[in-house]
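Consider the two complexes below, in which chain A is the common component and chain B and chain C are the respective partners.
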Partner chain A sequence: MAESPFKEDIERVQKEYSEKMTLGAVAVIPGSSVVNKTGSWRVFMPEFNKDKCVRCFLCYIYCPEPAIYLDEENYPVFDYDYCKGCGICANECPTKAIVMVRETK
Partner chain B sequence: MPIRTVMKANEAAAWAAKLAKPKVIAAFPITPSTLVPEKISEFVANGELDAEFIKVESEHSAISACVGASAAGVRTFTATASQGLALMHEVLFIAAGMRLPIVVAIGNRSLSAPINIWNDWQDTISERDTGWLQFYAENNQEALDLILIAYKVAENEKVLLPAMVGFDAFILTHTVEPVEIPDQELVDEFLGEYEPKHAFIDPHNPITQGTLAFPAHYMETRYLLWKANEAAKKVIDEAFAEFEKRFGRKYQKVEEYRTDDADIILVTMGSLAGTVKDYVDRAREKGIKVGAAKMTVYRPFPVEEVRELAKKAKVIALLEKNITFSVGGALFQDFSRALVNEDEKPKLVDFILGLGGRDVTFQNLDEALSIAEKALRGEKVDEVNWIGLRKEIL
Partner chain C sequence: MAVRKPPITTREYWAPGHAACAGCGCATGMRLVTKAFSEAMEEKYGDPDAFAIAHATGCMEVVSAVFPYTAWKAPWIHVAFENAAAVAAGIDAAWKKKGIKGKILAFGGDGGTADIGLQALSGMLERRHNVVYVMYDNEAYMNTGIQRSSSTPYGAWTTTSPPGKYSVGEDKPKKWVALIAAAHQVPYVATASIGNPFDLVKKVKKAAKVDGPAFIQMHCTCPTGWKSPIEKSVELAKLAIETGVWPLFEIENGDFNHIKIQSPGGGAKVKREGGKVVAIEFKKPIEEYLKMQGRFKHLFKRPEAMEELRNQIKEMWKVLGVEVTLPKAEE
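Let's turn to the complex of A and B:
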């Protein structure tokens, strides 16, 4: 499993982030939005079938978050911490290698 | 040496802005405030004021440009009135929430419909919940002075809130009065350079302003605004004291006039305070124990000063050019809040008058005083009274 390309940033923010209120609610740590794990908003989650994947990168290109990155073999990896389950990747996938399934938590 | 001259309140406001040396002025013309940005653009064009003058397409854009400039870390100024201030409404909350010390001059004017360009206080009073500081000038000199004081208070690190300074449409905006323009050097010493504390652009230390706050954080931002308004009370007193020391003109949040031994105190704001003080002199000659008080500061509401004032009278008559429908005037509500839990309190009688530029005459004040005297004698009177209504056309 490949690592998130944002791993360093996420770790830095998690280390520096404080909930302490600032004047004018100014966010003083760049990139602090990563503490808000938007994956918790998800209702449907993308399910990936590697056998059908042709490595066209369309899911990777279209993901608005971006919560999809590529592993060493250029297969997509889904970051479920930030994937909101919008379904754009499944919609764009030409081989139906990605399908959205209702997530039960 | 200060220059003694004559000018309209609009010009006095423009001069105040020039003396405060804002770096960005963004404004859209509206009656009765148009002359303020007009005069400032003249200062900028003549090279007398080193600032960016942004001509915008609406008041919403004017205040938004001020928010942007203030967030970038510079002193900003604009002027508007009435519908223009109403159009700024949503951005006023943003300016306060982002804690940006923007100063806005307001030529206090009524709101449509029907369209009316004349004086009352409905425009600024309607913005009383935005978190902004509010000052009201009695005359043109006060318009100039209070804008300088507004910057001093707004930029104080214990406060960091935007401020509006109101002066009555036409009665002040277009009326020429003697005004002393203070020395630039003294103003520079009084205000100093604006040094942003939290809101500025530094490419080496990027920050995000105007962020999203979830329910877990939003309420704390409101509480901090509440605290800043509370802190502003002391800072305003200090600014008034320093201003008096440097420029010799005294200001108080609640200015009392002949209130000692008064049975009735007439409380008002803005230019009406001048009329009322004159009226009090005449009533005193007739032996009526009446005094006056002027609210120079309306937000933060000076609760403590109002409680002190209330101890001096048996009846407080609130003379106000604004109305909250089905409730009464804003001062009536705020005085009620200040006094509701006091053990001993005067009777409050509210008078709505002078709306939409209706002249407030001594006859009107006679009418108000006679109702207040009835209340003093223990007779039952209406809590909210409309004075100077033309009943014959109703």
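Let's turn to the complex of A and C:
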């Protein structure tokens, strides 16, 4: 499994973030929004079937989060920490390799 | 099987964890624009990070910069509603003086561009700053609760243009800021849409590589404000192109006689004369685009308003020098 491209950001914000107010209210850590795990918003979750995938990259291109990144073979990997379950990826997938299923917790 | 390469850089400038609604079309737009922009910077200056972003108040500013966090991984400044273009121009002037190589990207919503920031935009374009201004057009003030802007299309419901017995919803035609920007005779003006990401990326890269100002009006869906299903965001944007509601064109140096018009797809017949598009016969009725959105629901009970919207779309295409035929939906 490939690593998230935001792994460094997550580690950095955990290490460097402090409650102290910065001068001019500047957000000093780039990409620090990664602390907000928006995956909890989800009702339906995308389920990925690798055999059907033709690697057209449409899900990767359209994902607004981005909660989809690519592994070594350039297959999409779903980051359920951030996926809000909008279903654009499943709707646009030409081979229906992605289906939305109701999540049970 | 060989490993296929993604069509766009895997560098991300838009981090997850931002507060955009699920299915936000504008968030996809932000992500693609910054990716394309960094690719262009790499090709032009050899440094993918040679850009800074000035961002007007708007949906994407509010969701991406919830203090103390930021979703941006590029130098980014939030400014007041009206002056994203002015601040971008200021950064450009400072960079020129300091000899920093790079280009400035400015973002504004349709309210921040078409209504509030229009004079700052005009000034920036007129002073020929090295700035690419991207207007993400979701056709109303979405972050304050869906009020109409001058970019709201005819017939649309918003909280300040409610349809009813005496009203059809928004009763003014949509303002096309791209045409206003083109009248400044700037090097590059285009419209784009998240419904055609490859065209969008191509246009952003082209805009980033010209010397001088460029303007892109990008159509983005807003499931919250348009009352559309969240998973259909991209499909809707695609339908807007295929039904003729959203034109894709490029105008270089304000040359209105040589407007480049991209083929809308969706089975539309494009007629060319001497390399120039003169007529388009659309095959998909605009109803197909409208029926997916709650904001146009009332139009289906008002054939005269539907006809007026059709006329306005035809008039808009006439400005581009194209005669269009829009089919009617079968009963």
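Everything below uses one rule, namely that the second predicted complex is superposed on the first by the 92 of 105 C-alpha atoms of A that agree within 3 Å, B and C clash if a C-alpha of one lies under 4 Å from a C-alpha of the other, contacts with A are read in each partner's own complex, and residues count from 1 in each chain.
In the analysis below, a contact is a pair of C-beta atoms (placed from the backbone, for glycine too) under 8 Å apart; a residue touches a chain by one contact, two chains touch by 3 or more.
Source: prediction; values computed, not measured.
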Requested in this report: Considering only the touch criterion stated at the top, classify A:Phe6 as touching first (chain B), second (chain C), both, or neither.
Outcome: second
Report task. For A:Pro64, select first, second, both or neither according to whether it touches chain B, chain C, the two together, or no partner. Result -> second
Report task. May I ask you to decide whether A:Asp79 touches chain B, chain C, both, or neither, giving the answer as first, second, both or neither? Result -> second
Requested in this report: In the overlay, work out which of chain B or chain C sits against more residues of chain A.
Outcome: C
Query raised in the report: Of the partners chain B and chain C, which touch A:Glu103 in the superposed model: first, second, both, neither?
Result: neither
Query raised in the report: Touching A:Ala25 in the superposition: chain B (first), chain C (second), both, neither?
Result: both
Query raised in the report: So which bits of chain A does chain B touch that chain C touches too?
Result: 22, 25, 27, 30, 32, 36
Query - Parts of chain C lying in touch with chain A, wherever the complex brings them together - result: 3-8, 10, 12, 14-28, 31-32, 64-74, 194, 197, 230-235
Query - chain A-facing residues of chain B, complex - result: 97-100, 160, 197-199, 206-209, 211, 213-214, 217, 220-221, 224
Report task. Could you please specify the touching residues of chain A with respect to chain C in the complex? Result -> 5-6, 9, 13, 17, 22, 25, 27, 29-38, 41-42, 55, 57, 60-67, 69-70, 72-74, 79, 81-82, 84-88, 90-92, 100
**Report entry** chain B-touching residues of chain A, taken from the complex the two chains share
**Finding:** 19, 21-28, 30, 32, 36
